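Following are the structures in question.
Common to both upcoming complexes is subunit A, partnered first by subunit B, then by subunit C.
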Partner chain A sequence: MKDKTQRSILLACFLAIPTILLFVFVLYPGFKLALISFTDWDGINPNYNYVGLKNYTQVFQRKDIWQSLKNNNLYFMLHLLFIPIEMYLAMLLDRYIKKSEFFKTIVFMPYIINGVAIAYMFSFLYSSEDGVLNGLLALGHIGKIRWLSDPKIVNYSLVVVSLWRFTGVHIILFLAGLQSINKDMLEAALIDGASVFQQFIKIIIPNMKSILSIVLFLNVRGALMVFDIPFVMTSGGPGTSSTTFALHTVKTAFEFSNFGLACAMAIVLIIAIIVISVVQGLVLEPEKFKGKLDKIKGLVKKEKLKVEEVIEKEGERLEEEKSKRVTV
Partner chain B sequence: MKKKKASELLFNALNHTVFVGITLIVLVPLLLVVLSSFKTPEQIAQGYHLSLPAPFSLDNYKEVFKNGNVLTGFKNSMLLVLGTITINVILSSMVAYSLSRFEFKLKKVYFFLFSFSMLIPSFIAEITRFGIIGRLGIYDTLLAPMVIYISTDILQIYVYKQFIDQIPYSLDESARIDGCSYFKIYWKVIFPLILPATATLIILKSVDVLNDMFTPYLYMPSAANATLTTMLMNYVGRSGSWAKLSAAIVIVMLPTVIMYLIFKKKILSGIVAGAVKE
Partner chain C sequence: MKRYLKVLGMGTMLFMAACGDGEKKEVAKTEDKKVELTFVTYSGTGEEYMMDTNSLSEAYKKIAPNVTIKMEKIPATEYDNTMKIRNSAQKLPDIFPVRVVTMESFKSVLLPLNGTEAAKVNKFAKDFEIDGNIYGLPMYGFNEFVYYRKSVFNELGLEIPTTWGEFVALSAKIKENGVYTPMALGAKDSWTTYPFNEFMPFLVPGGNDIWSKMAVEKDPFSPGKPFYTAYDMLDKYYNTKPFGEDPLGYGWDQEKSMFASKKAAMLASGQWFYMDLEKEMSKETLEDIGVFVLPARETKDEPFRYLVSAEVFLSIPKYSKNADEAKKFLDWFFTSDYYKEYVTYMNVLPAVEGVKGRESMFNVAIANIPNPEVVLQKGGDERFRKIANYISFDVKRMGQEMIQGVNFTEYMNEFNKRWTEAQENTK
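Our next item is the complex of A and B:
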């Protein structure tokens, strides 16, 4: 008994503060997002009205929001195109490169450097006055390109920054995956005279499925949540030409004081992330999912059996009554 | 036979060229900023960005230190890092210990809430968190980002829990027989054993806090509360030249780059493990 009280006291002490923090700073704000998404709150006025699903229909109808999603899509597509390259580079790094430790250090470095500093560094490269890239173009007598102010180009310029920052992480992840592959298999393939390309297609890709799907999902989630690069470099402009969905959400709240719509956008984003995570779970651990599904199927079957039993009994009873009636 | 060797050599040379190319792509932009930070604005205007600074001057750095609020930023960043990692290590190891060693009602609910809250993107939650921070009266203080960093770091609890799960329960039992209280088991048995994990988590969290932009930007707007990162954001408008801005950029980059070069192994393995776990 004494043991039990001690245990309860310890649990209460250890869990109290983290639980309070979790509720106050994570769950309550999450709940509030959902609540406000059904109102027309402007962020200042204490009064607001419930407007039903209006904000949600707006999320899907407004052109600027679709435009921002299109911008997100560019991040996704270009990072996707880079995945085979990243895998190939990881394979080279794993097997054919001397001093791979050095290259590993370099490749990963952009991820660790302060994102804001990187953003301004690229602003310097892209700048139309004294900028490095335009300086290079001038050497070739090519006119200036407005890297960050031409609405047609700006988003590409920003995606390049994202590629510079995150390609290295993907390479390192693929490398970790490669290092977990059984080396004997590759040795055997090598002895059989398989080319590098064949090894890549026949051994490496099938054995890297889980890392591959992790990187893919990181890519989807990352692309959906791009925020700081456009926020710092262009604040989404010119116009909305480099606004991403997350940036648009934050701006809708803090700049345009449309908290209702912003919260609806936030909820849509959270739901998208949940759906993506669930799908990832299904892809990565189908056994676990199958187990759950079987359990559910089992339950359904039990229920069905019960119902059938009832029907059968009922049927029998009726038959009996019938036969009784006949005899009477 | 000889021919094969030649093709192998070519293959090798090609691969190394690719990686030298990648190294240049990573390093040249950084090098440009470092070089520019020692140049005068006039020299930058001439172009030739990869030329060595001549005359070599430290004026940009002097200017940034004088007008850029660097020391305040550094102090605030350090306080934020120290406060966050200390409280975070204590709280999350306690939660992980409780979840790993005890069965209690609502444990499953607890797990669900934690996993669920991992799915809410931080900057999105600020829309409603903003009002709460205001009502608690900690707006524009170091406490605001600190409580957010601590309460949203659920990954750390997961990592700790996995570590504690691996510690054999017989250790707890023998300590219990020797008359240790549960708290003493946590403090004298478990906590020392998870120190390696703690080291990795501290390093990763410090990098996160040092590099974070939006939380301090949103919650600590006054100049006296600037972190290194927001100091840079404030300075951009006032810098007046790429030369000075480059110096500020280099100053902000340095802390995490130095940390990376010292703790490379831990950072690499930690981030890979984190990505795979998520």
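Our next item is the complex of A and C:
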């Protein structure tokens, strides 16, 4: 009895504590965020007005917001282009490099370094006054490049930092995927005379779809939420040329006291990530969605049949009753 | 009778003794009631003086032994956000400074200080009233200057400019020489453009309240309007590239170093910058530093407008549990000897009538202004703040964009459009 009570208390705690934490730190703030997105709250005044969908229409109408999304797009595209390279590097580490543990550590290292420290480090590399990169260019008698102050270049400079930081984690994920592939399949393909490229296309990629979808999800989420790198290195400048969506959201809230709009932007960001991820999943693993869709269709069909059966039986019953009445 | 007198005498003595005890108890009660006043400020407001050099808490303890001032410093760049976050949790300190540009937003949570002794003696307070209320008491005032290297001016035979044209020509002459960058500007940190992009619209005939005036205008970015005039002057100046090779590539720290190491001949900043210079330069090199006031007038016949910025508006939140004690502290602070020592240390303009600051080259530069006219930098009314927030109007960022190069007419037209749109949407 005592054991049973203890077990019940333990179980209740295990259920209650995470539920409370989830409610306090995720659901309630999320609900509050959504609520504020319909107001004109300035972040200071205790009073605010409900403005309906005004903030949401602004999110879609404002040029500056679209401009910041364009900058996010650059992060997304360049990371996307880098995925095959990451896969290739993972393959190299898996197959051809002996004692790859050391290289794995090196590759993973940038990810575990603090983002702000990385941003500072690259600021020194890019410095137009005494930066390492311009120093190297000077050795080749090439003039200085304004890595962080030329609006045409600044975003590319920042994306390079992001690539340097996140490529490692993608490689490690791909490596885990590669190692989970049955080696017999690859050996059989080799015996059958398949080239490395053919093995890659026909065996590796199909077997790594789930890892690929994780990496793509991380890419979408990461690209839309880039904040620390531009914040530390350029503060979104010069002007607004390297401002990303997340940075714009923070500035809208704190610099321009427009918390309502900032919350609406945050909600749109959440929805955008969900929608893009679903679309990505549809493209990458249509069979999975097809399976789910078939299951839903099956359920609907089953329910429909049940309903039809009930209607039929009811009809028969009514007919029977009618005929009885006529006989009487 | 004697007996009665004896009893009466003893009774009186007992009564007096009881009264005496009561008084003692009252004093002890007051002394026992310990109060901790939290006072948060941002870096650059003389916090090291108030916290370490000449402890403000210790000085006030002599006046009110039961009150402890607990001071905290927040980096200036993080200050506004930190205060907004603390306010959302109703955790603002008992005393904290509000900047002139955020006063309008904070007014709803601040306690009016109208009747206080501190407000009566503060010579700037009345000018910054909002809706007839004084919400903050500026600790001091500043003048803005152009710092210059005397040796460079002597070497190139340059004179202190008194019109905008002379100033532009002066920069061009330094640039022509090819040895020095005319003006150090670390515009990677957008705020460093403030002596130009934030203050110039006040200095051309814009006036103290230019922001509020702009709020009711349909096209404040059109030719003939103060903002346009000021920015047109700046655009032409920026086009002469006076800030060196890559002003957007380095920030405030590098800008300071450029000037301190004599790579740049001038640097525009407030009086507060001198404290930074004192830390970076030796006494001998400091003697090579001179200051003049940025001339924004186009001809010598016009008045020479110069800016006085009131700074660090000490405020008390409405929900402070120690509001009365905080008011008493402010009354003491602005009327005390401590305040006189503080403004002397800071080398700034005292905010209190009758207090004299440090004699310095700044006073001389101000005294030498021909045909002077004081302009106060006000933060703009509610209408202006709404419009500015709606379009994310940031003059310092505009400075960065102008330095990187814009088509000026199109740039101003775009702002006119955005301004009108904001006016319609923020009615």
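We adopt the following convention: the second predicted complex is superposed on the first by the 248 of 328 C-alpha atoms of A that agree within 3 Å, B and C clash if a C-alpha of one lies under 4 Å from a C-alpha of the other, contacts with A are read in each partner's own complex, and residues count from 1 in each chain.
In this section, contacts are C-beta pairs under 8 Å (C-beta built on N, C-alpha and C of every residue); 3 or more make two chains touch, one makes a residue touch a chain.
On a predicted model such as this, the values are computed, not experimentally measured, just so you know.
J.: For A:5, decide between first (touching subunit B), second (touching subunit C), both and neither.
T.: neither
J.: Just checking: does A:33 make contact with subunit B only, subunit C only, both, or neither of them? Give me first, second, both or neither.
T.: The answer is first: A:33 touches subunit B but not subunit C.
J.: Of subunit B and subunit C, which one contacts the greater number of residues in subunit A?
T.: Answer, by number of touched residues of subunit A: B.
J.: Give one of first, second, both or neither to describe whether A:228 is in contact with subunit B, with subunit C, with both, or with none.
T.: In the superposition, A:228 contacts subunit B only.
J.: Just checking: does A:239 make contact with subunit B only, subunit C only, both, or neither of them? Give me first, second, both or neither.
T.: After superposing on A, A:239 lies in contact with subunit C but is clear of subunit B.
J.: A:127 contacts which: subunit B (first), subunit C (second), both, neither?
T.: both
J.: Identify the partner contact of A:45: answer first if only subunit B is touched, second if only subunit C is, both if each is, neither if none is.
T.: A:45 contacts subunit C only, not subunit B.
J.: Could you give the residue numbers on subunit A that contact subunit B in one complex and subunit C in the other?
T.: 127, 254
J.: Under the stated contact criterion, what part of subunit A meets subunit B in this complex?
T.: So the residues of subunit A touching subunit B come out as 6-7, 10-11, 14-15, 17-19, 21-22, 24-30, 32-33, 36, 89, 92-93, 96-98, 103-117, 120-122, 124-125, 127, 130, 132, 135, 138-139, 164, 168-169, 172-173, 176, 196, 211, 214, 218, 225, 227-228, 231-232, 246, 249-250, 253-254, 259, 262-263, 266, 269-270, 273-274, 277.
J.: Over in the complex, which subunit B residues touch subunit A? Could you list them?
T.: Touch list, subunit B to subunit A: 11-12, 15-16, 18-19, 22-23, 25-27, 29-30, 32-33, 36, 44-45, 47-49, 91-92, 94-95, 97-98, 102, 104, 110, 113-114, 116-117, 119-121, 123-132, 147-148, 150-152, 157, 181-183, 186, 207, 210-211, 213-214, 218, 228-229, 232-233, 236, 242, 245-246, 249, 252-253, 256-257, 259-261, 264, 267-268, 271-272, 275-276.
J.: Show which residues of subunit A lie in contact with subunit C when the two form their complex.
T.: 42-47, 64, 127-129, 144, 146-149, 151, 234-235, 237-240, 251-252, 254-258
J.: Going by the contact rule set out above, which residues of subunit C touch subunit A in the complex?
T.: Against subunit A, the touching part of subunit C is residues 80-81, 84, 87-88, 105-106, 108-109, 187-190, 245-250, 254, 385, 388-390, 392, 394, 397-398, 400-401, 403-404.
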